[in-house]
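What follows is chain A paired twice: with chain B in the first complex and chain C in the second.
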Partner chain A sequence: MKSNIQRVLIASGAVFALAAPFAANAQEGQEVVRDRSIAYVMTMEEWAMHKTPGAKAECPNGMNEGPREQFKVLFPENGPKRTVVGTQLARESQIYFPEPEKENMPFKEAVGPVVPGVNLDGKIDADDFTNADGGKGIDNQFFRVIGCVSSYRDVAALMVTKWRVDNSFNRVVIELTDVDDLVNDPDVTVTTYRGLSPMLPDATGNGYMPGASQKLDMRFGKDFITSFKGKIVDGVLTTEPADYLMPYQALANISTQLFRGVKWDLRLTQDGAEGYMGGYVDLESWHAQRQESISTHHQSYGQESSPTVYKALKRLADGYPDAAGQNTAISSALHVRFTQVFIERPAKATAQAGSQNGISR
Partner chain B sequence: MQRFSRFAPLLALAVLAFAQPAAAQRAGERETYEHVPMPSGFQVISTELEGPVFADARGHTLYTWPRGGQRNGDAGEQQGRPTCDDTKYTETAGLMSPYPAGLELPELATRPTCVQIWPPVLAGADAKPVGKWTVVERKDGGKQWAYDGYALYTSVLDEMPGDTRGGRRGRNGGNGGDGGTPRIVAAPPTDIPAQFGIYSVRSGRLLALSSGFSVYSYDKDTATKSNCTGACLRDWSPVLAGETAMAKGDWTIIEREPGVKQWAFRKKLLYTRVADDSARSLEGSDEAGWNNVYAQKEPAYPAGFKVQDSYAGQVLADAQGHTIYIYNCIDDTFDQQGCDHPGAPQAYRLAVCGGGDAARCLATFPYVLAAKDAKSGSRAWTAIDIDPKTGRHAAPGQADALHVWAYRGRPVFTFAGDKKPGQVGADGWGEFHGARNGFKAFSIRDDFKGNAG
Partner chain C sequence: MVFRRFLARVRQPLVCGSAVVAISLVLSSCSQPVAEGPAAAPAIAAEAQPTGSSERRLRLMTSEQYLNTLAYVFGPNVKPDVRFAPLQRTDGLLGVGTSIAGVTASQMEVYQKTAAQVAAQVVNTENRKFLIPCTPKTDTARDDTCARAFLTKVSRLLYRRPLEEKRLAQWVEEAGAGADRLKDFYAGVGSALEGMLFNPQVLFISERLEADPMNKGATRLDSYSLATRLSFFLWNAAPDDLLLKAAEKGELYTQKGFAKSVDRMLASPRLEHGVRAFFDDMLQFDLFDTLAKDGSIYPTFTATTVLDAREQTLRTIVDQLITKKRDYRDLYTTRETFISPSLAALYRLPTTGGWVPYEFPADSPRMGMLTQISFLAGHSHPGRSSATLRGKALRELLLCQPVPRPPANVDFSAVENPKGNLRTARDRVTVHLENPVCAGCHKITDPMGLALENFDGAGRYRTTERGTVIDASGSLDGKSFTDVTGLAQALHDHPALPGCVVKRAYAYGTGGPTAADDKTTLDALDKQFAASGYRFPDLLRAVVTAKAFSQVTATPAAATVAAK
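The block that comes next holds the complex of A and B.
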């Protein structure tokens, strides 16, 4: 069986995107593994999904409807006098304080059986998917929720990457340390950081040059630092699970997303990395993050109805049960791509300054 | 040119009492302004939050309402065409999205008209234009003062001379967009050299270049000599003055070396920081000995509040480090009434802070309680009494009233979901990312998205 990352590279044509910059660095003979460490900055993210033309295979019942369409059904123009409190605020209440038992709008769930992702629990369960190479046990129930919601596909999905590379609040840098061999190493450590430096686009404007520097945010970004134990086999990095708080930004709006039990599955080269970040999306963290990032107005563009999606999330959640046995997280995977960078660590005095110069009290 | 009105001496005590620099600011450190011609009956008052603003004879701040675009149309006024009148709107205008026009507004029976909230500054029949001050005609045939073409109003939210509760200016004031079309303070031009600008940020009126990039001062300098030389100049660039630049008021010029002149403000030589890659940066103040420069700082926060590092930068926090939030709200009507204060309908806030349930709202977004005898030392921060069942102002003597802190007359909150210091879990909670019927963190320094200014 091919690894997940091999499948991704072939499917996306990303081999070419990665191969060119590899050659550039190799020609220059630049040593990118320094002091047994190498770092990468995230340049692309998208939810791991099985997509077919017109979504005909994964969404046999069509795509979901959004807030505008639902409003017309819930509060028809020829019905009782519509009030702000009885319509707009009633719907916004359901967004911020959802009551799934009262949510009756229809929801169209995406179907497999072929879906990319990571086997998070090491098991092959009945509701797991199979990846394109035949690998079984793929835990990606999140796909069932978002697979037929336009917000998460195509143009809307591209915006996520644009926001990721345009801003520094949500810049993700990973550093591999204890690296003796970038192809086979039984024991490495992966640490996530927030990077602060602008990205370095390549001549096409569509990619990013390896070899740029990234200054780490060791002051405000401490919450985004997480370490994972891992290994590299035949150039593919896999890690043990750990919880990871990921910074998010959409438009100018910031938020965070807690992923439980994250496992990385990345093909590494000197110039880049590509693969999956699998993990369980914490539902409450997700719900807050989504509303704070993407307002009802913006969700309407992608026909994403928060109360309806939340109900589906609760129903399909498959991990981290609470004391009452209700699952609090749902398995997912992000398809991610990285470009190699050199880390610039801030001076200790600045990193810990906590300076309030210029600030009243 | 007339700097103060004939009423100014009579108001001196009131102005001194309520519009003087707060305790944390050094005496005299108030933003200066150009003394432009004004009609009689008006004055300029130095305010805590917005610097110098135009005020009426009582010392009440004057506001304009420039037109601003929203999702489905514009609101506000064009120059020379006041629209704020005694129309009582009953339905939403549909300027926003995704909800349609025609929804009946909350609390219609007590809904005020635009002029009841924003009394127009009427002009007498014999009023004559002075400088940028002109007289415009209202739809009812009356005359109204205008500045720079925009009709002038006062705000019923302002209680004292120097209050600016009706609106802000600069980036905080905004001009349309998802936060609505707010009123903005009418202000005289700032008295600074052309290559500089003053920008409203949460920490004060920040001095910067006209491009927006912050300027800094260096503790090791004297008023006449720069000690940033050699390697220092790799990180800091002196703000050079042109050959014809002239010293004036707070602004002086030194000669660093023959033929090379450098600006100084209040005897502090000015620099920009080479590493700054965004406007209005406060990052340079992290460097030992270097400081951002302000025309005036915001008043000190009341005792019990503190500045807290968070993953979004620095925020205001309570004594336990829990982030403070501000609630923003403007309704979707043609007169754009604020719903962000206790004198307005609370239905909007209750929907997003408690699903319409006042008790859940109190639990999710608790008010920041003030001691019974709490004093802030400024008009920006006041302690007010709130009816916990309604969110409105409490009745006098109401037994279960909550005594809470308010900023610009609006209560501030914490968020129950923030479990440890530095979390900002409700930043953006509510409609339009918290900009409209929603909560935003009280951001003081934001290196990431300009939320603090």
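The block that comes next holds the complex of A and C.
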């Protein structure tokens, strides 16, 4: 059975685009899998969504309205005299301290049935999606929430990748160890790190140079280190689930995002990797990250109403129930792309200094 | 003629900042009387040195020489954005091309703007405190004493000799008049400095002769011209204060004094500037100013790669030849080099940030300068490698063996047919070798160029081309090899390799192309170089100590300039 990434890439023809530029390189006397390990740095991320022109298929009811449009509806200009406390601040409080039971603005969910992602729970449930290759059981309820919100699509989505590569705070490095064969290996370990080195753009301006080096952040980046057990079948890496905290800086505002039960599904080559990072978005972590990093500015321009989105997240959450049975996380997937790098590990003294001083995040 | 045109242009009044400076120039070639040299000045160990003489030169200062000189005179913070006009490569060297350079009106404008930038930086409120050695009585009026103190010091370093009193007085008056007009002492001094900085006597390295007391009827460089020739050769900059003092005392024409100055210069960190400039010129690294690759074919070859490739080779040269004083020939077999993050990615090697020393392992295909990106990518096409260009570069740059230019009517259709069955570079050049019209030249370039085919047009290692395993065997003047390491060794052992660098160093140092008359000198330098174990600093010492370096004949075409 083909993995999700195989199905999606083959269906889209992307497998050829991936293979061609990668295959020609990776030769300087030896393979880049050295000492049974290979590492990659993330160069692109976008929420895994099914997109059609004009969003006509996935958003049959149109796109959602944002904070400005909602404000006009809630507080029309010809209404009674109002106070700042009763209008702007009242709405602002709902952004930072949402009360879903009080949120009554309409919300337009995105619809499937074809949506990319990963089968996180190993089941085929009624509300699961099917991927482009016909694979069933795709857990991506997050798509229903963000699929019809402008700030997650097109140009706005590109900014996320820009932030990912521009800010070293966001540098995501994965290292595969115990690798005997990059095509088929039943037992490998995947470890996430934060890198510190700048990216090296290639001559086309559209990609990054494989073979660059990344210094690992073993002091302040310890919270971003997570290990996954995995296997490689026909060049596609899949892993067992583990929780992963992802660095997330937008502009100058640093934040983090907790993903529960993350599974990787990546096609690997000597030069790069592409596929999905599936996982359950922790709702409270998400809400905090969104307010800290993206802020009112981008939410307003991206027509993303935080109180309305939060309510939808609570309603559609499908994992990690709390003691009261309320789900605290929602299934999601990031479409991600990596470029091969060599890892530079800091000297032990440097790495230990952080923990000895209690500086570790 | 070129210079006469330049003179005709610069005779026009030139606007210099806020002041108008009229400069006229006087040709003083063979008609100029030869000054008497210092009486009884001992000759330089004549019995041990090659005999002969070189020609008197008039050279245009390069951008780098100008900047290096400014850095010494005013410190590294005074750094204008300068890029003078490209020079004409002559006899393999731009350094030789400086002696036939002309200056157009637009170039004069560049010089003037550069001078204005420098002068403004020198007298600005931040720098004047330590660059001007005195404080005027008032900032708003002339102070001839203070202006003279500054201009005397600076002019000596810029003109590379003490300025005649009459001319110095003119500059002081220029500064005073400017201060009066502008009611600003520093603006006045800046105006005079600006005029000085693009004075032809500063921009042109004009050599003066004197009678050689040790060789009746012969002429030699005067002490200041010898200091200047030494300094531009070894440091790629004008002489420093100590060297000018040695010239003033006549020490450069005493065996002990000359040796002392040369020892000091060879031991100075500034030698690196000179060595880098020489090899940058000899290896024709100015090609990197315009080198471009097809990004879709070579995505890893970026603008940073271009800069770093040049830097890598120059760092390797300085490390091997100056720091470690290795055999010059080992440059072509050493596995030691330096890598930057950008190059490391191209080599597919892990590295740390910045430039770091690196030694390729013994089984690496990288061995010697021929396998560095600078040579491989610099002598390739934008979208593919070229055995011919690489072979031609090896012949011309490293062995000083000129390769004839291809005829104008070459038919490339056979080798450029994309649907043809010529899968590798070897297949393509074989077509040339089968054609008698082409074979004459390709036989002297391709057999060694093909040994570099394991590196693509960007210098990345490869084992196949279009699915066909690359055969990297070849030969160089009777020595056959199976891969690039064999080529590297063959080049290392090639008898013409050391002779070529000797020839280039001599031409670079004396500022002109070598000719048949130089054979005696070059033969002697070859022997000295070999006897030293091919140590490059020893070659530099041998060149400057050669009689021909200081014994100079005036040619009818030579000219010097003097500001009125």
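Note that the second predicted complex is superposed on the first by the 329 of 361 C-alpha atoms of A that agree within 3 Å, B and C clash if a C-alpha of one lies under 4 Å from a C-alpha of the other, contacts with A are read in each partner's own complex, and residues count from 1 in each chain.
The working rule: a contact is a pair of C-beta atoms (placed from the backbone, for glycine too) under 8 Å apart; a residue touches a chain by one contact, two chains touch by 3 or more.
Fair warning: this is a prediction, and the values are worked out from it, not measured in the lab.
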| item | value |
| --- | --- |
| Partner chain in contact with A:46 - chain B first, chain C second, else both or neither | neither |
| Touched partner set for A:207, first chain B, second chain C, both or neither | second |
| Touched partner set for A:342, first chain B, second chain C, both or neither | second |
| Partner chain(s) touched by A:32 [first = chain B, second = chain C, both, neither] | second |
| Touched partner set for A:297, first chain B, second chain C, both or neither | first |
| Most chain A residues touched (candidates chain B, chain C) | B |
| Contacts of A:82 with chain B and chain C, given as first, second, both or neither | first |
| Residues on chain A lying within both footprints (that of chain B and that of chain C) | none |
| Residue numbers on chain A that touch chain C, as the complex places them | 21, 25-29, 32, 197, 200-205, 207, 209-213, 215, 342-344 |
| Chain C residues within the chain A interface of the complex | 293, 295-296, 298-304, 341-342, 344-353, 363-365, 460-463 |
| Complex contact set, residues of chain B against chain A | 24, 71, 92, 96-100, 102-106, 178, 203-204, 277, 282, 285-288, 290-292, 294, 297-301, 305-307, 309-314, 347-348, 351-356, 360, 417, 422, 425-434, 437, 444-445, 447-451 |
| Contacting residues of chain A [partner chain B, same complex] | 66-68, 71, 81-85, 87-94, 96-97, 167-169, 196, 198, 219-224, 247, 249, 251-256, 288, 291-293, 295-297, 300, 349-350, 353-361 |
